[in-house]
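Look at the two complexes coming up: chain A is in both, with chain B in one and chain C in the other.
Let's turn to the complex of A and B:
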């Protein structure tokens, strides 16, 4: 990987930190500790279930909001403010800029998720007083959440490379919602007939499959996640974000800056 | 080897919601800038200067044409390690300090880590920002941003610099400093290509200038050569509605407006003209030497285009 990509990524991370993005951790900590104390009052049986469910869902939603809100401005804001002029007039390839931005945002989310994960485990320890071996699967759920972020980052970047921040936010959020029901969509497509089946199937398989990446409920119920699923999901997320990023690069390579 | 060869670069913007309308920003432009010269790219606002520079930097794509920079195809990324660019009214990442910004740009331009700190200190001192090196750019005034812009353009010690309106946003002292800096760059053997709509900035400084108006090149040459066409001429004005034959014989170009006539003649024929007018008993109003500045040339060039445009409509 070229050094320039690393420099662009770390500058993107620095921007997020200075824009106080990590302050969301405070809100997250308050939410989670409030919930843990509240749940601590009720029955011992469902405490773990609720904390894991709530904690992981919050990790996912906080990250989704960050991915969308930073992602949509990554390219369009730099074009709008003309900060790109002095970057692209250096020996920086346009694709390096896109890829650097992607890793910068992904890195921000990984760091953010790391701190939130500590919070989830702390809350779990608070209500259950000890860890059990099945808690290891919480790590798998967190890993899948990060994979979800990678796909979202690439989508936000793709839209950011040709449309306004507002439209990008709408597109990315819509795909997030639709993708969360990708399984249902695939089931629905299988029930249709003729040409409609064709289109429905294509659409169902084109949207990002976030439902496969969501194992929060299973993990909360102390079910295990197989190695095969981990491998499949990893490959899927990498392939999907790589394709979307390539699309972003293809568009951005041809763009006239304002 | 020329530093810049612009080979027919042309830009037609597509405008409007459906991008159906077009607006021509630049007619095919042919221009050569030699190594080691300070070259002024002159024209009023909207002439197409910024468009030309943005095409050379690969920020917008030309409708047609190519260019060579430092004897290489202008799209080669390696070329960009050797050039510096100051955009018009530059704007930077405002969450960075001046020092952080230059460090980041140094990394992108491939300045080795061990030289970076020294280079940054040098250019900060050179543009007078040493005292505010630790201040975030969001607190910078327009003039300070302009200085930061110059600093980032020369940070990596480029062979060729492109400055778009480098004096704008600066006070008289600042303009003076930028002029001095461009002269120093020339002495260091660098090529300076800069655009301006302020002629006096170019006049004292440039080895050669190009004049562009409404996207069309109107003249290229050494300042002295360009101005020589209006050098040593006087304008004679008298009351009357026609031009006597004796004045025509002097080869004067005459314009009649109302009851005054203006004629431009060589200053060596001034006495003959006065004699001719006296013989015809015409009332002389004024004799004024034409300004031999770039400004006179500029005004003449642009007026010329306006009158021709006026007659064709």
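Let's turn to the complex of A and C:
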């Protein structure tokens, strides 16, 4: 990775921290500790299930919000503040700017997820009093959540490269929703015929499949996640992010910034 | 600086006063309006719709619905309600969202099956729930046990119970009780010994304090039922031999050469009524007994649980 990309990524990370993005960790800690302490008193026999489900869902949703709301402003804010011109007047290529921004945002989310993961395991230790070997599967779920963030970051950047922040937020969030229903979309495609089937199938494969990356329920029940699933999902997220990022670069390269 | 300080003070006082006033007013409003009904909050009754709306986070949604189910049942049970209309839909949504959530089946059947006020009086729906649970968790012997239990206790369907216990006994690592119960059901379903075995198995196989306590209460009730049956037979024997009823429980004890006055599990002597019926002194302490209750006795709301048997 070129030094210029690393610089842009680290600046993006610093900017996110300066914007007090990591403050969400406080809300997360309060949510989890509250759930861990109180849920045993208002429900029956699901303390561990709640901590894992709530913890991982919160990691995912907090990250999705951060990815969308920071990602959509990554390009447009630079244009608005006119700092983009300063950056591009130096020996920085447009694709390096996009890729640097992507890694900066992804880094922010990884750091955020790391601290949240510590919170999840601390809450789990509080309710279960000890760890079991199957708790390691929670790490797989967290890894899949990070993969989901990579795809979302790239999508937010793609929309940010050609539209306004508001529209970018709407598009990215809409794709997050559609991607959560990706399996249903495939089921729908299987039920149709003719040209509709082609369109539905194409749409089902084109939208990100977030349901394949969601193993929260399985790990909450201490079920294992196969090595092949981990490998295939990793490759899928990698290629999908690369595809979207390439699209963002293509658009941004041709965008008239005057 | 002084102006800023005074503004801060006034704003802080306003904040505190407004907060206190809003809390107090809300409390008053809650008092004067009809009691909020959780039933009204079940806006979506379709499990499929709730599953779609959860955006892939079905696990968390199932936990929320299970907590709502527990709160719904607990609230109505605490108020001695005889209507649990939303209980079965809440359980269906919970288990559709997370078919692996075992407590929802085990406790759900306990909530659904018994007759009011101890439950919703819907044993058929409890059986449907348990069958759905077994379909999704075929390797969990506890579910077979609980299903057989509903057949046995609520429907008195001993054949159905025997079949389910038999199926459950074939599950790897199943409790040996299941095999015994399957055999027992075939020959001695109505015996006290069978009931005792069932509740002992419940007590030993559960870690949940409420379930264990419930099992203790039923074991206490079985002992009372047995005592009353035995003492009533003694009364009949006495009458045949002497041509009259025993005047007191002491006379009966002496005639039967008992070591002392027969007492219930709490140590209270059994009572002999004027018409020769053996009764328990404090029926409210034995919510599940079927024998020895005074003819005019009506249970007053919630079962009273005890710390030990």
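We take it that the second predicted complex is superposed on the first by the 252 of 258 C-alpha atoms of A that agree within 3 Å, B and C clash if a C-alpha of one lies under 4 Å from a C-alpha of the other, contacts with A are read in each partner's own complex, and residues count from 1 in each chain.
Throughout what follows, a contact is a pair of C-beta atoms (placed from the backbone, for glycine too) under 8 Å apart; a residue touches a chain by one contact, two chains touch by 3 or more.
The structure presented is a predicted model; accordingly, all values stated were derived computationally and were not measured.
For the composite obtained by superposing both complexes on chain A, the positions of chain B and chain C are free of clash and fit together.
Using the contact criterion defined above for the overlaid structures, shared-chain residue A:177 touches chain C, although it does not reach chain B. Legend: residue contacts after superposition of the two complexes on their common chain; A:4 is shown touching chain B, with no touch to chain C.
Put simply, the three-chain overlay gives an angle of 150° at chain A, taking C-alpha centres for chain B and chain C and rounding to the nearest 10. When the shared chain is aligned, chain B comes close enough to touch A:90, but chain C does not. Shared-chain residue A:133: touches no atom of chain B or chain C. Once the two complexes are laid over each other on the shared chain, residue contacts for A:214 go to chain C alone; chain B is not touched.
Shared-chain residue A:41: touches no atom of chain B or chain C.
Superposition on chain A leaves chain B and chain C with their closest Cα atoms 22 Å from each other.
Residue overlap on chain A between the chain B contacts of one complex and the chain C contacts of the other is empty. By the touch criterion given at the top, residues 39, 42-46, 49-50, 52-54, 57, 60-61, 177, 180-181, 184, 210-211, 214, 216-217, 220-221 of chain A touch chain C in their complex. Those residues of chain A whose C-beta lies close enough to touch chain B in the complex are 3-4, 7-8, 11, 14-15, 18-19, 81-93, 254, 256-257. Partner chain A is touched in their complex by these residues of chain B: 54, 57-61, 77-78, 80-81, 83, 85, 87, 90-93, 95-96, 104-105, 107-110, 149, 152. Residues 52, 55-60, 62-63, 66-67, 70-71, 98, 100-101, 103, 107, 208, 210 of chain C are the ones that touch chain A when the two sit in their complex.
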